[in-house]
Amino acid sequence: MKKVLLTGFEPFNHEPINPSWEVAKVVAEQSENVVAVQLPCAFDRALTELFANIEAIQPDVVICIGQAGGVANLQIERVAINLNDATIPDNAGQQPIDTAVVPNAPNAYFATLPCKAIVQALKTAGIPAALSLSAGSYVCNHTMFGLLDYLAKNAPNCRGGFIHIPFLLEQGVRHRNAPTMALDTLVQGIQIAIQTTLTKETDLHIADGAIY
Amino acid sequence: MKKVLLTGFEPFNHEPINPSWEVAKVVAEQSENVVAVQLPCAFDRALTELFANIEAIQPDVVICIGQAGGVANLQIERVAINLNDATIPDNAGQQPIDTAVVPNAPNAYFATLPCKAIVQALKTAGIPAALSLSAGSYVCNHTMFGLLDYLAKNAPNCRGGFIHIPFLLEQGVRHRNAPTMALDTLVQGIQIAIQTTLTKETDLHIADGAIY
Amino acid sequence: MKKVLLTGFEPFNHEPINPSWEVAKVVAEQSENVVAVQLPCAFDRALTELFANIEAIQPDVVICIGQAGGVANLQIERVAINLNDATIPDNAGQQPIDTAVVPNAPNAYFATLPCKAIVQALKTAGIPAALSLSAGSYVCNHTMFGLLDYLAKNAPNCRGGFIHIPFLLEQGVRHRNAPTMALDTLVQGIQIAIQTTLTKETDLHIADGAIY
Amino acid sequence: MKKVLLTGFEPFNHEPINPSWEVAKVVAEQSENVVAVQLPCAFDRALTELFANIEAIQPDVVICIGQAGGVANLQIERVAINLNDATIPDNAGQQPIDTAVVPNAPNAYFATLPCKAIVQALKTAGIPAALSLSAGSYVCNHTMFGLLDYLAKNAPNCRGGFIHIPFLLEQGVRHRNAPTMALDTLVQGIQIAIQTTLTKETDLHIADGAIY
């Protein structure tokens, strides 16, 4: 049975919870082949802990989840860039500006998940989803880039990527007019992303880009 | 036991379903004092059917629900205006422009539900909600104005109002980046709105307006 | 020659300027039949000063302008409601909650400007514009309602209404991703609104409402 | 005197004009060291014409401009990715899906303009601006990636980048609630971007990233 490492983050930016961890926890409880790990919302330390878990667990797939407060759907990230540019300090007080995630590494990596197949499977199940071409320049992009660089260099058969998710319902109460999703919808969505990855070796050949 | 008339609309504007009716149906199935009625998305006919049901059921509370594709939360409407101005034809092919909902009636009515108490109760339950000061100038506003005019003239002890709700999850799949809510969240939200109305005679005195 | 009273507000809500006054000032400088008056951003006092100026100037048309930070176009307000509900204190420290603008007055007034003709004339001139069905529940709506109530009771031949405008360019610099308009665009837009009002006795019969 | 090549695109996606070309034309008319070239909105052909002009003009700086209908400010693009994924056909009828802009090239390039200094100079001049971390996956990103790859390989002393701009005012008339900018604001903005590039060898060290 193939093993999946699923990560979520600790809360940040004044939120009491982080939906990514709430979701990862429940998915792992319900799936015997999924291990959930909480990562710190901190540059470098997030990667140190991620790499240690990959070495310990030896997963076939790694999916990292992060909160994107303000988006309305599951966003399957397609690109990670080799750039840290933090507009707020992380939970350890670090705020890197225009540094590389990994020095002397490529400028960007593409996710190795079947991103378009995941979007299509989510929509077929009635769950709004979209591709995204930017994971930002904060801890989420940092983690996604670090993951893809690590896998490329150390575990080329392990596939990896990142999914941004909306606020949970209860977070939306404090953010006027912010879109939200219920926990069980997000849990179902991540389960579909995992199943799609485990069953699709190659991605779909359909248009799903952005004009700008 | 107090009786509640809950209305939803048939689908319109190329949608296969209307979340307002999906929700009203389920709420009525789960509550013995709630009767659900589907109204046509049609000027005048919506009111004819609404009034006939009020006369037959003699409710203590009437809450009409409508779809507001693009909003992220339950919007408790506070104001209905005496104006029809339709940018698309209704389901019967009518498209009134700058006509009165009810000739010689007031320019506007305020909802007689405890609107602010409903918003607060929803938020306390972790369901995003907000007051709204405009229900538009299409069939929803038409229905809300007609309802409040009817109650003022014929059943002053019956309280009434209107709640706009987001797309359901499965509708969001076809509307890129549109906020959505799951059916069970909306059902719970409408149940809370009903319970709050039945238990609060007067509204809360808290600020919840709009700058513009 | 017909006389026009054009009002703008003093700055509020931490903004150093208010585009409504910047625009009103320039329009009056360029038009001999337009008088510009700055109103305080304060409940009641805004109306006291407005009414005094109407009595002194005896205008044929009164157009009040207000800032709607976040909108992208000129919004011609069609409805004012008899409700004050302030989410922030005004510049005099008052924060009325659920009070009437004018006790024992109608629930709402419709603007007596040719609103749809103004929108069409603006678009023909290449200036984005739209009708709006809610002016909020703060000082802008308060002023619009007070104006229309005053005119209905004291000067029924004088036409009046309210136009909300976006942030000026320089304000947008401090509001990430907020739409803006340049001062000269706004000046031209208000001049077109005045000219349209002075030349059109009746409004256009075209659909321009809102679904919700 | 340093030479600048400024490009705009022909209209696409049902628009009668493209603001990028309207702006580039005027900037070149007003600046003796700026040459404006219109590029076709077509994969590959845009690059063929761009490279021919770079060889003929031998510029010190190349700035390509493109329309981003829906954004409210000048967006200085920081990253171009080696991916074509077109959701609509280009003006030549091509619609590449998941192809490389340049086979065997890096996954991404970073702009070599002083992006943060440009944003700051624009804001100081009262013109809304922001950094962007994704130029999409259509002809704009294609052109930006092709430019940066060409310069890296053939003209390493020439700096290059891409700026996305909003709809012009007159385009906004047909797009309800879309943000716009006036032509002279955009012309001034691009002039500031050019001047900043010509006077700043290195970029500012300030935070200006994105959380997600």
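Note that the chains take the letters A, B, C and D in the order they are written out, and that residue 1 is the start of every chain.
Criterion: a contact is a pair of C-beta atoms (placed from the backbone, for glycine too) under 8 Å apart; a residue touches a chain by one contact, two chains touch by 3 or more.
This one's a predicted model, so the numbers in the text were calculated from it and none came from an experiment.
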{"item": "Residue-number overlap at the chain B/chain C interface, same or different (half cut)", "value": "same"}
{"item": "Computed distance of Cα centres, chain D from chain C, in Å", "value": "38"}
{"item": "Whole-Å gap separating chain B and chain C, where each centre is the average of the chain's CA atoms", "value": "30"}
{"item": "Chain B and chain D, separation of their C-alpha mean positions in angstrom", "value": "47"}
{"item": "Touching two or more other chains - residue numbers and ranges from chain C", "value": "71"}
{"item": "All chain pairs that touch each other", "value": "A-B, A-D, B-C, C-D"}
{"item": "In the complex, chain C residues that touch chain B", "value": "13, 66-69, 71, 78-79, 81, 83-88, 95, 97-98, 106-110, 133-138, 140-141, 164, 203, 205-212"}
{"item": "Chain D residues touching chain C - in the complex, by the definition given at the top", "value": "71-73, 123, 126-130, 169-170, 172-173, 176-182, 184-185"}
